[in-house]
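There's a structure below that I have some questions on.
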């Protein structure tokens, strides 16, 4: 990343960006909302909301088979969204982009369709304690079903992946598959995904990269990354829930059996035999969530117009602003790296004497929205030996003023609990 | 159904209903749009569009785990939508409703989760030539994978299911599973689903009913029907694409393994073992399409306010209006029943000398949207021995004037082709 | 909110009543709310079908711990039948603060463990909803 | 639209040129567009690397049949290399009417069968898009 991570100012015109998000002018319990739960889901700009309503108001029709204007227009917008996603990820073609509901469905698609045919008894699957449940449980269950073995890679005290363990696991042999996250949703750590992929591939493994927390926050280039599969969700990047994609090279998708069977993914059906549609439709059965996908296309337009490098820099600016202030509050423990290297704007912490749920509840009264819990990271919680953490996570529309309110809300919680 | 099927007038105030659908005032090629492709997907009323935008503008947050107002409000609306769907179907509880993207995903959920564990080599699966690909291909592929056998039930010349064949198939023994549609999307035939379910269950089979064309058009009561599984899509019933559900009794869902694995469907995750969340969340992995589901809740409200019996009667009124006029056009062949008994407002036909694609293209110029093709019914097309049909399908907002324009468009097509 | 962290709630949280081990307990039940990490072990000493004594150990949020603490005070001396009859509504009312759906499981974990102990369970019998105790989704 | 069903298109549809069997054909290729049921069998008589004669049989929409008919007129007498070089753009322009994405496969089925025959294929080699012939989704 050629981004200065010590920026003393943000490169974004945040005021102008905020004006695009209707929800950001809302009040909660009489206070302006400070939405700091972006790792869970992002808010949506007017441009995305309108792109979706416009379909319904102007030219809604089922896609792909209608020989009439509405259907052709909607199909063009839907396939146009796919082109945008392909371009955004620097994919070789739109045929490498399969739309799914979310990153979770994407991982499961790969597990059912590629995994069941390729992972055998005795094979090893490498995963990490940083994984979101969505990129661990599908592999755990597949391993159980076929008799494969899961090898877990740990983190160091700073929350960084134990590269030595990763290398040793690959050296151990029999590693058929590696499931790694690009960016940890629990700690904000960015993994050296490109290096890990190269190392895994050199050892003969197939690699899936969970980019659910990467694609929204940094420029991700699938050709540069070199993985076999990459998944992400639209709802974390200004798009509606219900949008997301699996990327894979065409040759990989071609060799895979379909996942869901039904309308639109078939070519010819007879009682005896069915043949499949071309890519990417072979993997999209039934009526797509086409309005959500069109929303994703509008979100990509929005993010590109702002600039991914600037968004990343803005988040690091906020993280750099909040970390020292957080460290200054007595009784606060921060989990994960305290520097800005290889990091995104996710800050997990706990307040001594106050359970994260109580922290979040008191924050809510202050209009500050954060997440409290295990963040679908129970393996990480076990490693950190805490039941839960409080997590603040930033996006392009957040401000230092909101960071101040976060610190203020911690003071409020400490006051209520007398700690 | 206690509905008079010979109604000479509609029970609906269609003008008032149309005012709720912004798209219906659109023009296509200079003509007011006559949207007659409702079996493919329906249009959306302002109430549904607004319910969705409101989430984004007012209280969007990821559901289920947020201890703050936005998340609690969105969760309440999402789970409220589930309650509405449960009530609409007369389900015993909201825990019987699993949200999925569409009917197709619903069938696949049952095939992967129930089917793989219960259908064995040598078992028979009964299906029909009326099935949409989405309720045939998943079973065909499962049968292939496990070595089960598919038994197809034919239709008579009127498009009605061959009850004798159905009974004989069950008598033949070894029938483990029956996959039947409630209503044919190709011919508009309503099957005697309750009787078929009872007969199949008496023979010891498990039954899935594809209600994708039933739930939008008639009152469907899952308790009365008595099936083991029922699936439908929201987008055909005024709701956005991306919404839909699988219904099954709790005990059935309890006994099934999960389908998709990941966030939100788990209870406790450790490296060794994962336990599942309660119903229905056990089957909803990752971030739900919660805004689409909230749209489905608003659609159910709308349909209930209008009244399902009246909607059904209105569609039969239009069908009764159009069928004789269609029969009067020389060169037109109608497929499916020409009476109004056990029927919905789907009318399939061909015009001699004009391919359905050319028919639909010329209709488009007249502002009339219909579907031309195989309607994901290739087994039915083979049975009818036609490559494709032209299909007009009605919903609560259609009018006799639009029916007249349909007939006029046929005349236009005939004129262009000189037939 | 201010309503939620009332003095008596915070007092029960910081100074839980009937806290600790109960040597000689006849019925013990442990449960967790894995979604937020709340944990409670409830120990009862039952004699003549009555709750002769009760102690609990736990960790978790103020709501779960205060609710358990309040409940232990209430059940001491009650008959087993009375304890089994306590319902969620009662517990929520007794807490005396507004509980949002997201916190309901926290507020009811104490009751769940009391019931588990009263019925002499070792594991919870299926869906907590079915048992009419916990509710909603965490 | 009026633009689409021009007289010459309808004429080619109703009176297809080079229609029927071609006894002695050296290269024959059949393909379908399963999504709408269009079918075309293209038969070529190749001599000295030239298309000496061509006939086709088909059923389907006006666009697919007229496009095939027009194409047969064009390729007769051409060298194999010239035929192999015909691209989709040329066929669409030659048709002379606006073709929407939904109808592109109809318009290009004729070309696909001509190419299949010219290359002496028995089955299409993978994805039609890859082969640079058909396009978009039906």
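Per-chain numbering from 1; labels A, B, C and D assigned in written order.
Here is the rule we use: a contact is a pair of C-beta atoms (placed from the backbone, for glycine too) under 8 Å apart; a residue touches a chain by one contact, two chains touch by 3 or more.
None of the values given here were measured: they were computed from a predicted structure.
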item: Distance between the centres, which are taken as Cα means, of chain D and chain A, whole angstrom; value: 46
item: Centroid spacing, where centroids are CA-atom means, of chain B and chain D in whole angstrom; value: 37
item: Chain centre separation in whole Å, for chain D relative to chain C (CA means); value: 77
item: Two or more partner chains touched - positions in chain B; value: 29, 65-67, 71, 268, 357, 361, 364, 372-373, 378
item: Two or more partner chains touched - positions in chain C; value: 34-35, 103
item: Pairwise touch network: line, ring, star, complete, or other; value: other
item: Pairs of chains satisfying the touch condition; value: A-B, A-C, A-D, B-C, B-D
item: For the chain C and chain A complex, residues of the former touching the latter; value: 1-2, 4-5, 10, 14, 34-39, 59-63, 103, 106
item: Partner chain B, residues of chain A touching it in the complex; value: 22-23, 26, 28-29, 33, 35, 37, 40-41, 43-44, 48-49, 52-53, 56-62, 65-71, 101-105, 107-108, 111-112, 132-138, 140-141, 150, 152, 233, 235, 240-242, 260-264, 266, 268-271, 274, 285-292, 357, 360-361, 363-364, 369-373, 376, 378-379, 382
item: Complex contacts: residues of chain A adjacent to chain D; value: 64-67, 71-72, 75-76, 79, 95, 254, 267-268, 277-279, 281
item: Contact footprint of chain A on chain D as seen in their complex; value: 32, 34-35, 100-103, 126-129, 136-138
item: Residue ranges of chain A in contact with chain C within the complex; value: 29, 354-358, 361-362, 364-365, 372-374, 378, 381, 386-388, 416-418
